[in-house]
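What follows are several structures.
In the two complexes that follow, chain A is the common piece, with chain B as its partner first and chain C second.
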Partner chain A sequence: MTSRFALLLATALVAGLVLAQPQQPEAEPAAPAAPMSSAAERVYELARPRILQIRTLLQAAGRQTTIGSGFLATADGFAITNYHVVSQFALDPRTYRLEYLAPDGARGPLQLLAIDVPHDLAVVKIDRADLPYFTFDTRALGGRLPKGERIYAMGNPLDLGFTIVEGTYNGLVDKSYDERIHFSGAINPGMSGGPVAGNDGRVVGINVAKSLGGESVGFLVPAKFAATLIERARKGPPLVIDKAREEVGRQLDQWQAGFFDALRTQGFRNTLLGPYRGLESAAPWMSCWANTNADQVQKPRASMSGTRCSSATGIFVSDRILTGRIDFSYSYFKSQDLNAFQFARELSQRARGSAADGDKRLTEQECRDDFVTTAANRPPLRATWCMRAYREFEGLYNVTLMALTQDRDREALLGQLTMQGVSHANAVSLGRRFLEAIEWAR
Partner chain B sequence: MGALMWIEVISHHGDVATRHAIEREEARIGRAFDNDIVVDDAHVAPHHLRIYRGEDGELVAEDLQTLNGLYPEHGAHRVARLSLAREPGFRIGRTTLRVRDARHPVAPEKLLTPPRKHAQWAGLLGGILLVMLLALQWLNLTTQPSASAIFLPLLGFVTALAVWTLFWAILSRIFFGQAQFALMLRIAVTACIALVLWDQLTETASFSLAWREARDYSGLGAWALLGAACYGHLHAIGPRHMRAAMTLVVVLVIAGAAVQYFGRSETRRIIGQRASLGELRPPAFRAVPLATADQFFAKAENAKARVDLARTKEPSSGLFGDMDPFD
Partner chain C sequence: MKFLSGGAAQGLVGAVARAAKVEVEGHFGAVGAMLDKFKAGEPCDIAILTNAQVADLTAKALVIPETSADLGSVPTAVAVLEGAELPDVSNESALRAAMLAADGIYFPDPARATAGIHFAKVLEQLGIRAQVESRLRIHPNGATAMKAMAEAGGNPIGCTQATEILATPGVRLVQPLPHGFDLETVYTAAVAAGSSQAKSAAQFVARLAGEEARAARIKAGFRGFAIRAAHAGEAGDVRELVHQVLGEYGLSADPQGVDADLENIDAEYAERGGFFDVAIGPDGEIAGCCGIYPLDAQTCELRKMYVLRDARGYGLGGRLLRRALAFARGRGFKRVELETASVLKEAIALYAGAGFEPIRRAHLAERCDQAFALTL
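Then we have the complex of A and B:
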């Protein structure tokens, strides 16, 4: 189970964490180049003057700390890139500045006009207006691109130079709340924010992440979100860079509100474990797996079988903050030959949340315990509510709610609801639902 | 005729070096050999002091106009005359003496607990402790039972206890003259029983009363118990420098508690914090009525207030600066 999860978590991780390290090309013997299709040559020639390398420079040193890619999308110099490419600058404009590097060697300052944190996009503007630009593929905007279509990802992987990668369009990722295109082709750090175009050179998506667990499994942001963001940048009030942090907080808050609305709309279903029932989301983007301790080498003295449903994608906020995940997990424990004390001890050891990091961007954890009853015909619970607040974003919390049934002393259901980047009201509302759903199945 | 008073010369360690019976109403103290008490101290005059009985019948020390004069035993100011009724000690030069009236009342005889009795108690309590530890070891065993899983931790514990007892016995041998091993063992074992009980009590309270703080701060109580154990050991060694020794113990205990407390928050800060249900007991141990969901979420509201307050404050920089688990 865990390896599969790592795969999906990695999709969000790679974008930021891999990119955050300046890449040094390693000297390797040159492999014979595979024959490139003529279509790729054509697309590359077409795209070359329209692509940018986007660098985040340390003000004091005047040298880049991270690199990414971007592409021109309007006649007057608007360009699209990933939010995670410019996040350092957006969150700390006094320490960093942005610079673009065009394929012709020209470089200049970049202005950050708009950000879309949930979709990981940003609009920047260059200081010249004489360059050709990309247009968006109308079929892609309407979601009518057929699976299997040949598409070309472009960018500057590992700062090696502008590169084109041939790959296949594989539709939207099934289990993702935020729409992501599954691209079968090699995307590498440094290509983030680069365009992915069809045969005709029209943009269908933007490079954003790759899976660390699989081979050539890449992810793209659908072009329609980029088109929307450009509209917003053009019409809406420009982003005040000193207020970008508040804007990030506002977007995260808005996103979680939408996400929890969608959760409610998609509804919930019961999950059955032993003699108990719990609650999990019926949303199609939840990825569910089962686990057990039956295969342990040393025979376990209490059997455990569990299920876990996670919203597989996370939102990149900064190098250190990934948020937006939600996780319903249940474990049913039954004592084989443990007495009531030993069983309670075993449960104490098992009832641990996932390791939260010691990041100072979150406050220290506060927990509250109680014995709770939700209805007379439901098992009494031992419940713990633990929360941490985001220092930089008011009103957003990481919450873990744990509940352990207290009706029998040699078997128990442990439920755990983990919510990241959630408002208190949404956390309480779903938490209450979670507690109230734990019941006897027979 | 018996002694009318006793004059004690106090050694530099604070105990009585020599004691002289005086069979007259007056005594003279000095460096010259015609005194009743001859003091070998270059800072004492040949004829330094006269002890006599005052009009009220109490003993008085009188300075015979010397260079270095007369001081009360614990006083900083020179006096010409000192009533010895209440404070029998005084200093001349570098020498401390005490004068006791022959009528001076002494404390009643103390019961001597023979070492054998201490050994019996130590054995009995040690047995109880061993049974308690074995029972706990058994109750906390969640893996397949094996002799090593049960006895190995116990062996470590017994070794630590032996080292601790030996340490105090050696101190006792040095400062008191006798090792008093049985007594030291008895004190140590008693303290261990108290510690184990305290640990179980707080752990159970944190579950039964849904009172997390009982567990969070139980360490402070444990340090206090350790301090009490040190007091017991010191008391057995001898109460001569009791105040200084106790101050040292209190400082050490407070320092230990502080190191543990700050170390804990430091560990939490560096390696992160996991949500957990805490230490659990069987459901029958619940001692508080079941709360409704409303009451539970009202508590959660309180947690929110705490983290909201915390986010407005700068995070503490801590001992190790900006360490991060990602690096």
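Then we have the complex of A and C:
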């Protein structure tokens, strides 16, 4: 059971990355859809005039850069899409602009009214009020949709026109911090932001991601978050487009504050590796894997066994930044035929970590290296704290903390805590607990 | 919908009610005060109190037994102002130092609020009560304490239920009280026997405690196991659980005989005037179960008390038993019997602790070699 979830989440995480990229215009067309059921045909007829294609264009060239889907949700032209479909415009409104393509072939400018970055939603408005619109399924809003119900995912990707995919509502994803609906059905990239509706055409969720691999597993944002965002767009302070970046930063900060509060509330537990103990989160949305080098063909010169627990969270910020994940990983090394000097060299190479990529939205990685002893009865550690700041979002960082035990010649524990999009206070607080929890088990 | 609820559940109730378009009325505050209002006859559809208090109300038939469902447990935790450095409170000396360093200590009613009663003891235990007396800021409940702290400025610290900290803007949760000072309170919701809209109240409780609200519960600060009545579709998972535990003790299931009741739980239990509970783990999986099976108008049998190995050591058996006995009392049974096997040592200790005494029974199920009874 556990490994099945782990696998599912592993792919879900990657899928977030994949589908989070709105379809590039030059991408391969999707495979032709399977023949439609009569129910699907009915939903198709109902839905078609209510679905939009949402295009991001370069201001200067007027060329489209990405395409996603959206759907009309009010009589006066409010439409829902994914935040990731409009993120380029939100973060850089001087370089990009938004345009819609209606099913009747009309096109026009789109106004960005509200965003919900953690749930990956946005409200946009078209410049006309004569089109029919979707309503939300009240059972879905109240969390009363039965599992196994037939639902239909729709989108308007590329120039293929309208796409409809039949599938099943499978409840909420078990191990998820932010609510996601588990959809059994083959949603395609480019359908991002499109609606998912029941037999009666009422919306239960919004396409957001799909699983990689052969299985037809998709993920939807529950409709209630879209309903709330429309309310906010109508009643809340208007989104000033030149300040949208600040709003993204504010939402990321608020999300991480809540996430770390919940993480601390759910508590921690110990994990045992060789003669050492380390700290893991006990939160139900963490997924853990074990790994080893024992099955490597060539006889390893040092044996390694480890665990890695990762939060199944991933927030799309821009095409280069996926944030909001936290990882606890430990590797226990034991020398097979390395002498103390060779073993230490091997370990220090691993403890150096990976070089950061050159993403311009983050500052250069800065690292600090220290030898620390957290208590007299605990192993001394070499601790390396590496940090990168988000240039556009003040007060948020990607932090990696590595701790390598220094007490034995031929065995050692390497712990690594990775936190994405975290405030300094949260990073320091959890980092301290992480270091203090590394101790001898015997 | 009228609530009488511990303040700890206010944030969650608000979130679920908004999505369900249910209007929330009534009172949220220190559980002691809410229980007093309930007993004094204040109008109420849904009571959300500690599980011990709800068990007591169930036994007295003041709530509708089959509606009662746990929301989860809430740790009592430490809070600081948003933006402040999070102090170390992970052990006794760090906690003491953090309390002494604060210029105001905010917490709820030390007489009637769960967290307030507990935190007053923590201050005694830390031996700093006299030292910090002038800096204590006591408020009627956790929500008001946290709100006052958020508005205070300076370098305050607070202690109340985690859910109340998480529901208050301007304050941050540092961590639950450290080991040795910790407190975990299980909250349970139930429909009041006197509710004028019992059906929709029961639907709302089911929603609060249901799978769809699990993420909302966790975000609100609930954790751990939650016990509620089994759903019709869960019989297969219950059978799997029972078989797994039996296997662990070298016993085998008997689907034609003693375990036939698991083929259709609803028909065998609820529809005959009994009930069947399941304990749900934080991952949404069934981790334990327990049923009350009516034998005659006076006597019922406690059956199918099983807890998964990984879920033992959290007091789940005791919680299942307490709910079962409260239910039996509330339904007017005078005597509870049970059969068990000697190898199930933990369970037998639990029964003995609850006052069950050995009896002789003419026929025991094949895998059982002992019987017990309790007069209610």
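Quick notes on this one:
Rule of thumb we're sticking to: the second predicted complex is superposed on the first by the 399 of 442 C-alpha atoms of A that agree within 3 Å, B and C clash if a C-alpha of one lies under 4 Å from a C-alpha of the other, contacts with A are read in each partner's own complex, and residues count from 1 in each chain.
The working rule: a contact is a pair of C-beta atoms (placed from the backbone, for glycine too) under 8 Å apart; a residue touches a chain by one contact, two chains touch by 3 or more.
Quick caveat: nothing in here was measured; it's all calculated off a predicted structure.
When both complexes are superposed on chain A, chain B and chain C sit side by side without a clash. Of the two partner chains placed around the shared chain by superposition, chain B and chain C are both touched by A:V428. Contacts of A:R264 after superposition on the shared chain: chain C is touched, whereas chain B is not. Judged by the touch definition given at the top, the superposed model places A:D327 against neither chain B nor chain C. Looking at the shared chain after the overlay, A:D174 reaches chain C, while chain B stays out of its contact range.
Legend: residue contacts after superposition of the two complexes on their common chain; A:F343 is shown touching chain B, with no touch to chain C. Using the contact criterion defined above for the overlaid structures, shared-chain residue A:E436 touches chain B and also reaches chain C. Contacts of A:D116 after superposition on the shared chain: neither chain B nor chain C is touched.
Within the superposed three-chain model, A:E364 lies in touch with chain B and out of touch with chain C [touch as defined at top]. Considering which of chain B and chain C touches more of chain A, the answer is B.
After superposing the two complexes on chain A, the shortest C-alpha to C-alpha distance between chain B and chain C comes to 11 Å. Shared contact residues of chain A with chain B and chain C: 428, 432, 436. Residues of chain C touching chain A in their complex: 16, 19-21, 75, 77, 82-86, 88, 90, 162, 165-166, 172-176, 207, 210-216, 218-219, 221, 223, 282-285. Put simply, chain B touches chain A in their complex at residues 139-144, 206-207, 210-212, 265, 268-284, 286, 288-293, 295-297, 299-300, 302-304, 306-308, 310-311, 315, 322, 324-326. Partner chain B is touched in their complex by these residues of chain A: 17, 298-299, 301-302, 320, 338-349, 351-360, 363-374, 380, 382-391, 394, 397, 400, 402, 404, 406-409, 416, 424, 428, 431-432, 435-436. Across the complex, chain C is touched by residues 1, 141-144, 171-172, 174-179, 224, 257-258, 261-262, 264-267, 283-285, 425-426, 428-429, 432-433, 436 of chain A.
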